[in-house]
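These notes are about the structure you will find just below.
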Amino acid sequence: MMALFARELKLATRVGAGAMTGVLFFLAVVTVVPFAVGPDLNLLARIGPAVLWIGALLASLLGLDRLFQQDREDGSLAILLMSEHPSALIVFVKCLAHWAATGLPLIVAAPIFGLFLNMEAKAIAATVATLAVGTPAITFIGAVGAAVTVTLARGGLIIAILVLPLVLPSLIFGVAASYGAVEDPAPFTQPFIMLTAVTLFLAVLGPLAAGFALKHAID
Amino acid sequence: MMALFARELKLATRVGAGAMTGVLFFLAVVTVVPFAVGPDLNLLARIGPAVLWIGALLASLLGLDRLFQQDREDGSLAILLMSEHPSALIVFVKCLAHWAATGLPLIVAAPIFGLFLNMEAKAIAATVATLAVGTPAITFIGAVGAAVTVTLARGGLIIAILVLPLVLPSLIFGVAASYGAVEDPAPFTQPFIMLTAVTLFLAVLGPLAAGFALKHAID
Amino acid sequence: MSDISAKSRRPAPPKPASIWDYANPTRFLGLANAVLPWLAGAMALAFAAGLWLSFTAPEDYQQGRSVLIMFIHVPAAWLSMMCYSVMALAGLGTLVWRHPLADVSLRAAAPIGAAFTFLALVTGSLWGKPMWGTWWVWDARLTSVLVLFIIYMGIIALARAIEDPLTAARSLAIVTLVGFVNIPIIKFSVDWWNTLHQPASVSRFGRPAMDAAFLHPLLTMALAYTLLFFTLHLMAMRNEILRRRVRSMRMMAAREAS
Amino acid sequence: MQLVAENLAVDRGERRIFEGLSFSVAAGMALVVTGPNGAGKSTLIKAIAGFLTPSAGAIRLDGLTGEARPVREHCHYLAHDNALKSQLTVDENLSFWWQFMGAPRANIEEALERVGLPGIGELPVGYLSAGQKRRVAIARLLLNERPVWLVDEPTSALDKASETRFAELVHEHLDRGGIIVAATHQALGLKDAQSLGMGTPLPNPSPQGGGAHESPTT
Amino acid sequence: MQLVAENLAVDRGERRIFEGLSFSVAAGMALVVTGPNGAGKSTLIKAIAGFLTPSAGAIRLDGLTGEARPVREHCHYLAHDNALKSQLTVDENLSFWWQFMGAPRANIEEALERVGLPGIGELPVGYLSAGQKRRVAIARLLLNERPVWLVDEPTSALDKASETRFAELVHEHLDRGGIIVAATHQALGLKDAQSLGMGTPLPNPSPQGGGAHESPTT
């Protein structure tokens, strides 16, 4: 399993672009928002967590469709699934590697983008924490979308459609927790715990469902 | 060439009910935003153009990376390039088909989504106009990225670094022009003309560069 | 669906022994054909009664005639949720019992559910204009219906995208079930979301204490809608089965030639 | 150990590909599946590998000690595709499979030598010719211990020398008590092997009449 | 008409695959390129098809009337891949190439009949077996008029009957005055063909010594 993780990471970084595309897309989102909102720095700071979350969410969608497709096309998927390792575990490891290659860079970049948006340090810290806890959920649920569309040549958009409604809870709790850290009446801990719970739940459900779907994708 | 256009369109629409998928994705993005920024209608109306543009950008990017890859993997690309048709023309036609399948439906649907975001009629009209003029540029420059990825199996980074910075001007001019149509001091015509110029420029440069890159992609 | 065509050729046992025998597509077609006229008739009656009750209902002191929209809107909203439950059940049927009809049922229900959801959205928004003065607000309930609509459409898009019915069946079932897990979550999370930062602009939205004068037409209409759903669903299932047969016969013909 | 198929039927798309197929292959034996294009050779192999669920009948691996595990976990599968990543080097590719599959048998350098490609490990797979890729894929079978080899047109793209080398590997595997099921159009140079000739697939979906007909010759 | 290569050298990666290669193939003749895996057969074909630029020498098509066009525009190329989209039906795939390539010769129904797959047009390509796909790919060559056929292991995955059928198609094409360059490990059953045996490639990147050696037999 470590071997699988290492291979996935190697592929992701070698074929490259994965991480950078995500970060650059993130940058694009962060860059246009000030144009739309106008020069109101307070407003900008206020919607900062929301912008970071939306940026990260959308950036995570890029490249999700390749999660299993390449393995299927070159025949690796069949052999992976024949092994004694449970398919859900294989999916889980692939998700982790995918997240490490694409999600992690976003989180590293988020503080800098937070500065662009004139956010306070505390808000930035809270947002980064929520992103770190929340974005894996996108990958886990994205895996279901990727597994279900693995036979399609261009599944990217369909995956995004299937994934977006399902990640709403993460988005809501993530943004709520980020706000909670700065605005006084709003709590931080409670939504943060919920966010963690959602991620953990999807970390189980996603790989199970995706693994199940993949079993029938080889023919 | 008409045959190529028809085939691309068929592939794009067969795999995932093309037009509908793009529109749905757009709808999903528009729905997700209020969850993050909150249901404040005034704020939504202000960031409306940015939301529509970001949605359109992402919809164009998802699936673009596979513009040539599939053709290369199944061997079609070699045969396409052997024909007497210039490679830039082939790229151009493929881009047009891709845009017709994914970009056009977005533009048709944008006004309705503008209503969701509580945008004024004038802002909606301006945004739709900028989308119509601006989104082809995303496809054209995206084609370069797609061609380069096809070539550089181990190239890394280059697409992202190449494509998104080039798309950023379109995005910024587009949002600026939409914004200019409603807010008084900001101009509409000037960014709009710039946007048109960028698109025209990329419509020439993109296919030429992509075609050139593709010639070296078969080995 | 190979099982459909294969099973259909099996000599039928003399008597249907249990409800499961209706699962045989051929027998199902027979049953559907027999039931459909009755169902359609009952639906027509229910609609006639419902509409008559609705139009003779008193005007609401607050809403005026526009209360009529309620009789279209509320049942549509209910049905949009019921239909998804039917699909989730069918999804279970596909995955657990591997029943070919379950998949047919899921596929057939999706567009109907989407249509009801769309109707709820449109009528709600038509109602919203006179009531709240705007077509759309990002209110919890409205938004969750919109999300439901997106889920429906995603399922439809997926169904269209995958050529092979067998592959599609499992994918659809999985997505439907995963989506079902999410439906309560959407409902709750949307509440959290709203209470968190919305100075409610929609305070008038809420459950009006319902008068019997409104309740009766509403319930009748709900019954009519339910019958409509089952009629459409049966018809759509029948079409789907026939479509699959045509498809497999065409493939067979193409192959036999070679 | 014995690989047994009993009264097997497999459907694909809307069609029954074959039915009533029974065979048993004992340890140390090879089963060579032949037949025209579209007969269902690959389908049979995929069914044994567990990717297609038989509509009737069953596939078992008899006479194994230890806890019962699905047949597929005892198998190596060499499909039409090579299951290699062209961006990674030969070494990286093989060492991944070596670690992932468990039950290591040979090391990578040895395996590459056995397929006649010593010292090629550093090259990215994308740099190899069709036949070289196929040979690297064959080397994968040597890395880990699996009693059953399921190979689908293993010698496609191989030159004559490599074909001979492959036949040697096969014999060695059989001598060690392994089982091989091979779908092929080409003589694999196996001295004694059962052969299973598949006819053209059933013309219609009705389960009447046998499509595949075993000819249990030795 | 005559396909001529003069003193050809091709590099791939950082390595010279062959050099000093010369041959000429007249109309109505076939050139069969043989050699072990990695010898450079596919490389030669790709160079003729224009995908690899020779580091030295040139490839010409002599004796054609009309304006000069690159060699590749006179060629059909059948690579290891089939250039078929599995989501589209056989008809859709073939009719696209038919329209795209210009100079139509046969219609799709005829072409499918020639490869022994009549009436298969409605099926999605994804439903075909490996050999059936290959045969559809061969049918593509019949659709449009191209004097030169470049085929790379054309008979891989074909059953015996289809191999014979392919040999017929080849002879027919030659009789019509065509040229064929085929890279192959298997006897194609061509009665008279020039053969070009390629050795193992040059061992090191420095361009010294000949790697490929032509044996112009008939």
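The letters A, B, C, D and E name the chains in turn, as written, and every chain counts its residues from 1.
Rule of thumb we're sticking to: contacts are C-beta pairs under 8 Å (C-beta built on N, C-alpha and C of every residue); 3 or more make two chains touch, one makes a residue touch a chain.
Everything quoted here is computed from the prediction, not taken from an experiment.
Relative to the C-alpha centre of chain A, the farthest chain centre belongs to E. Top contact pair of chains, counted by C-beta pairs, is A-B.
Per-chain Cα centroids separate chain A from chain D by 38 Å. Separating the CA-averaged centres of chain A and chain C is a span of 31 Å.
Mean C-alpha positions place chain B and chain E at a centre distance of 38 Å.
Chain E has its Cα centroid 30 Å from the Cα centroid of chain D. Shared interface positions of chain D, defined as residues touching 2 or more other chains, are 12-13, 80, 86-87.
Counting partner chains per residue, chain B has residues 11, 14-16, 21, 24, 28, 31, 35, 38, 70, 73, 153-154 touching two or more of them. The multi-chain contact residues of chain C, meaning those touching 2 or more other chains, are 147, 150, 153-154, 157-158, 161, 164, 166, 193, 197, 251, 255-256. Here chain E touches chain C in the complex through residues 87, 116-124, 126-127, going by the rule given at the top.
On the side of chain E, the complex with chain B involves touching residues 12, 46, 49-52, 69, 72-73, 75, 77, 79-88, 92, 95-97, 99-102. Only residues 13-17, 20-21, 23-25, 27-29, 31-33, 35-38, 43, 47, 50-51, 53-54, 57-58, 61-63, 65, 73, 149, 152-158, 160-161, 164-165, 168, 171-172, 175 of chain A touch chain B when the two sit together in their complex. Chain contact summary for the complex, chain A toward chain D: residues 1-4, 6-7, 10-11, 14-15, 70, 73-76, 78-85, 218-219. Of all the residues in chain D, the ones that touch chain E in their complex are 12-13, 35-39, 41-42, 80, 127-132, 134-135, 153, 156-162, 185-186.
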